[in-house]
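Take a look at the structure below.
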């Protein structure tokens, strides 16, 4: 039984957490891809930026003498989301909009987003150095334990993990309703489908573009903060998860919001399953197993976790190039 | 008064202008047809009206108001509708959603308009839950025209509505255009299929090199031997 | 005895997402002919054409080219066997000049091998001189001499289509597929194009397989004409005879709304 | 165009002279050696991106492979390794990999002997899993043996380092061939993601394969192909002179390679080969219809360019004399090359070369410049009582990342075709870009 609980803690809980973060990031990537037609490489750094904004705001709050039993980060997230959105709109105005106005190709915008990545990375490190920070300076991380009968272990997860997963689900449902029911949501889908025609139908493309950045950056800030709450805040926080996020966006089918969510969780779970030590589950039968079965039975060593998202991506691209949800083919 | 008038319009994508002084004027009761050789600036003229091409000189007036270089999202509420030649539907939206997008700018209820579009194009009603990308070429053209009509335009501009359609569909589409015009919507269209299009036109414009070469009623142009020789391909069709 | 066939399509079928675009379709193109392919929209002409041109693989059936089964071969291999094509929307190489557009065509040029450009300079230059001579001949044949050093992207739509036709003259093609040459071309240039097709057919012995909507052009060039409907061949014969067939009139030509004056 | 290039190169020369006066000769020669190696890599990317329009965001991976090759060829032979069971066990692992590859290949061909498709798919998956497990059963114990304290790692082959450079090119080319086979059919933006992913994997492998690369323990000193400064000192030079002589010797070698490569690429690009590549980049559907094997030609570009990246990576590692896999980063080894090619002028070799030298100088100099800037500002803030700026040194390093990012967005906006644009790009066709994909051509 203990082994089973170990499985829940290491696979179900971790997979849900990783999947939620990937899904939040991938939705932004896929929306930007669908509406603005380019791969926004700076998305990972947008997540990092969101996390740092949360960090600074919680410092400010602490500096004002506010204290609480909960981490201050919880209270400042809405404001951090707003600031991240403003930052994203500013970046668009400064760097992407002029290129779009000149009719630049998607490739050019992709390269510009790499420039933005470098600027954000440089700036964040310039201001915060390369060290790590914690959002739990003042209060300890609350850990929930659910005892399981017949097990020496408890099912454990932290409070930010639980809140993060719940917030993700709420965000996803809200987004679904927005896209399916609201006028602007339908207009967004129309623009993703055929921007020229949307324009001649009287849809204001600039407004839709702004809306895209608002949703994308808002979710990026949520994802970054979630990740920061789960681990720590550091400048290369999100750059390392850029690959899983893009993999999720592509595997889900570019421009397909639901695809991105499903694929985000798929990749999250695939990663934890791949590095999970299956030997643990065999431990109760250890005595009856032949000698040659090793104790360490992970599919890939933890150091190579990065390969998992990639392998899923490549297999998908080779077998079903438009993704599992048949994305747009913009080029 | 003209519904729309272009006076000596000059414009293009930047660089060398494509339009070098185009004059067009049609009334609400007119079907205006623009014909001319490739690269004459026919489609560009429509795009200039719709704010998709920069106008550097001349005036474009719609119901007397200057609309040169206005953005499409400002023009649609004024009563202009435009059906591009290619990619004129939202492929992953359903037929009904396509039509709804045509009514995007309308704040009022559009149920009546939807019903009348379905009446005009019966196949669309059957397929309204189907994705537009799955339709045949002719049906797509119906969706495209229906979408433009959903905005209750006073002027409908069509860019080569017959392109890529088989002769039978061409006739059907032209019939619908005449019907729409009889319902009180001014039509301005560009056609390669000059002979057939001029046959239903009340105003015809032959463009070449970005300026008017001939202007007249459709019948006048069809009868003009010079127009016939240069642009309609010899004598009457085989 | 069967006629000498260049293209022989045998019982080809192809569906997209469960919808059959072409089903059990058989047709053939005789050597030296200009064969037309017409049919209403959605009849499967483009799909069939793309199967013959190697852009699509059929689900069933086979395509025989010059006695050899070429089903599913990619376009560049079909080119090697002498089956060339032009595109409905001109696919010029816009950053190459008109002459370069033609010069890139001949296969196995010595200068196309990286190694030879490094160590066999003389062979490369000799090949280049010959290629250029041939390209200039074609340019003259097409009446494009004035624009030969212009970037192809700057040519007019009709000139681009002429250039496409010219590309097929840079090698000894057994058959050329023409995909809607008339689309987007004005009448005057169309005459020039059609004239060139006729000359290539008569003087150089080219076989053409033409997909077309423009009836005037079909009437002028093609014999026989194949009519497709609903993914299969409906009829075949001279255009005049087809116009008398009530089934075809119903399916394709329709009744005119108003006779032009 | 030629005048413009000449002027720009004169400017570059003046800049180098100025740097020489400001920073001293040993520093400048070192900078030039590294810049020349980067220029080789930039030429590689120019072949891929400028000639072929191929996205390669995995440059870091090829450079790492090149660096590994230099280490593996040139480091001294490790007697403990060769005396142990290690070689034999590694051999078995290699055999296991080969056997696995055969099984997978066999599974891929099952349909030819009449297996139904779904069954074949299943068998393919099983073959992959079986091959992987079999390989792991062989390689895991081999690694355990080699990584034991007595052995540590496999060591080198003790051969001349220039052989390592050749191997670096060959290995990178081989890996590029494999990647190209699998990924070149992808859309350009997918190819970008795929190559980034591959670079990350190569990074993870070389960093964690302690038995092969010593991983984070790093390998040094990697030998030089020319005499080292210590050699010159032994011959009686002063320390400063010895560095100048030794690095100048290295520089001449690298410049000779760079010159030869430049000449060969230029010659090919001016030939029908280059015309064909431009045609493919312009319109690959039409090029295919005109008998050009697009995939094979793109693969050629990808392999050729990657080989240059591998060689450049080898040269850099032997020059630095230390191989530390964890010192590689996407910014410093992939993005910077992109900045070089885009700023210099994609599609033009002279432009790529200029961009490489220029950007490398900006990259290196922005650190001392911003350090000076920070120190100055820090002096002011201290004077007005705000306190000094902490960690100036580490912050200055970050400044250059920001500067590079700024340079690339400015370049895209104000000189999108680079300082020395592609020949003929000035006479750009007027028409709008064509929006036709192969799928649309079908229906």
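Assorted remarks:
Chains: A, B, C and D, in written order; residue numbering restarts at 1 for each.
Definition applied: a contact is a pair of C-beta atoms (placed from the backbone, for glycine too) under 8 Å apart; a residue touches a chain by one contact, two chains touch by 3 or more.
These numbers come from a predicted model, not from an experiment.
Between chain A and chain D, the least number of touch steps comes to 1. Counting C-beta pairs in contact, the pair that comes out ahead of the other among B-C and C-D is C-D.
Using the average of C-alpha coordinates as each chain's centre, D ends up farthest from chain B. Computed from the mean C-alpha positions, the centre of chain B lies at a distance of 31 Å from the centre of chain C. One simple way to say how far apart two chains are is to compare their mean CA positions; for chain A and chain C this gives 50 Å.
Work out the mean CA point of chain C and of chain D, and you get 44 Å between them. The centroid of the Cα atoms in chain B and the matching centroid in chain D are 53 Å apart.
For chain D, the set of residues that touch two or more other chains comprises 430. Contact of a single residue of chain B with at least two other chains is seen at positions 87.
For chain A in complex with chain B, the touching residues are 183, 186-187, 189-190, 193-194, 196-205, 328. Put simply, chain C touches chain D in their complex at residues 16, 21, 46-47, 50, 53, 55-56, 74-76, 79-80, 84-85, 87, 89, 91-96, 100-101, 103-105, 107, 109-114, 117-118, 124, 127-128, 131, 151-154, 167, 171. Only residues 50, 52, 71-73, 75-77, 82, 84, 87-93, 97, 100-102, 104-105, 147, 151 of chain B touch chain A when the two sit together in their complex.
Contact residues on chain C toward chain B in their complex (touch as defined above): 39-43, 156-158, 183-191, 213, 215-216, 219, 251-258, 260-261.
The touching residues of chain A, when paired with chain D in their complex, are 38-39, 95, 98-99, 102, 104-108, 110-112, 114-123, 125-126, 129-130, 239, 242-243, 246-247, 250, 294, 301, 303-304, 306-307, 309-310, 313-314, 317-318, 321, 329, 331.
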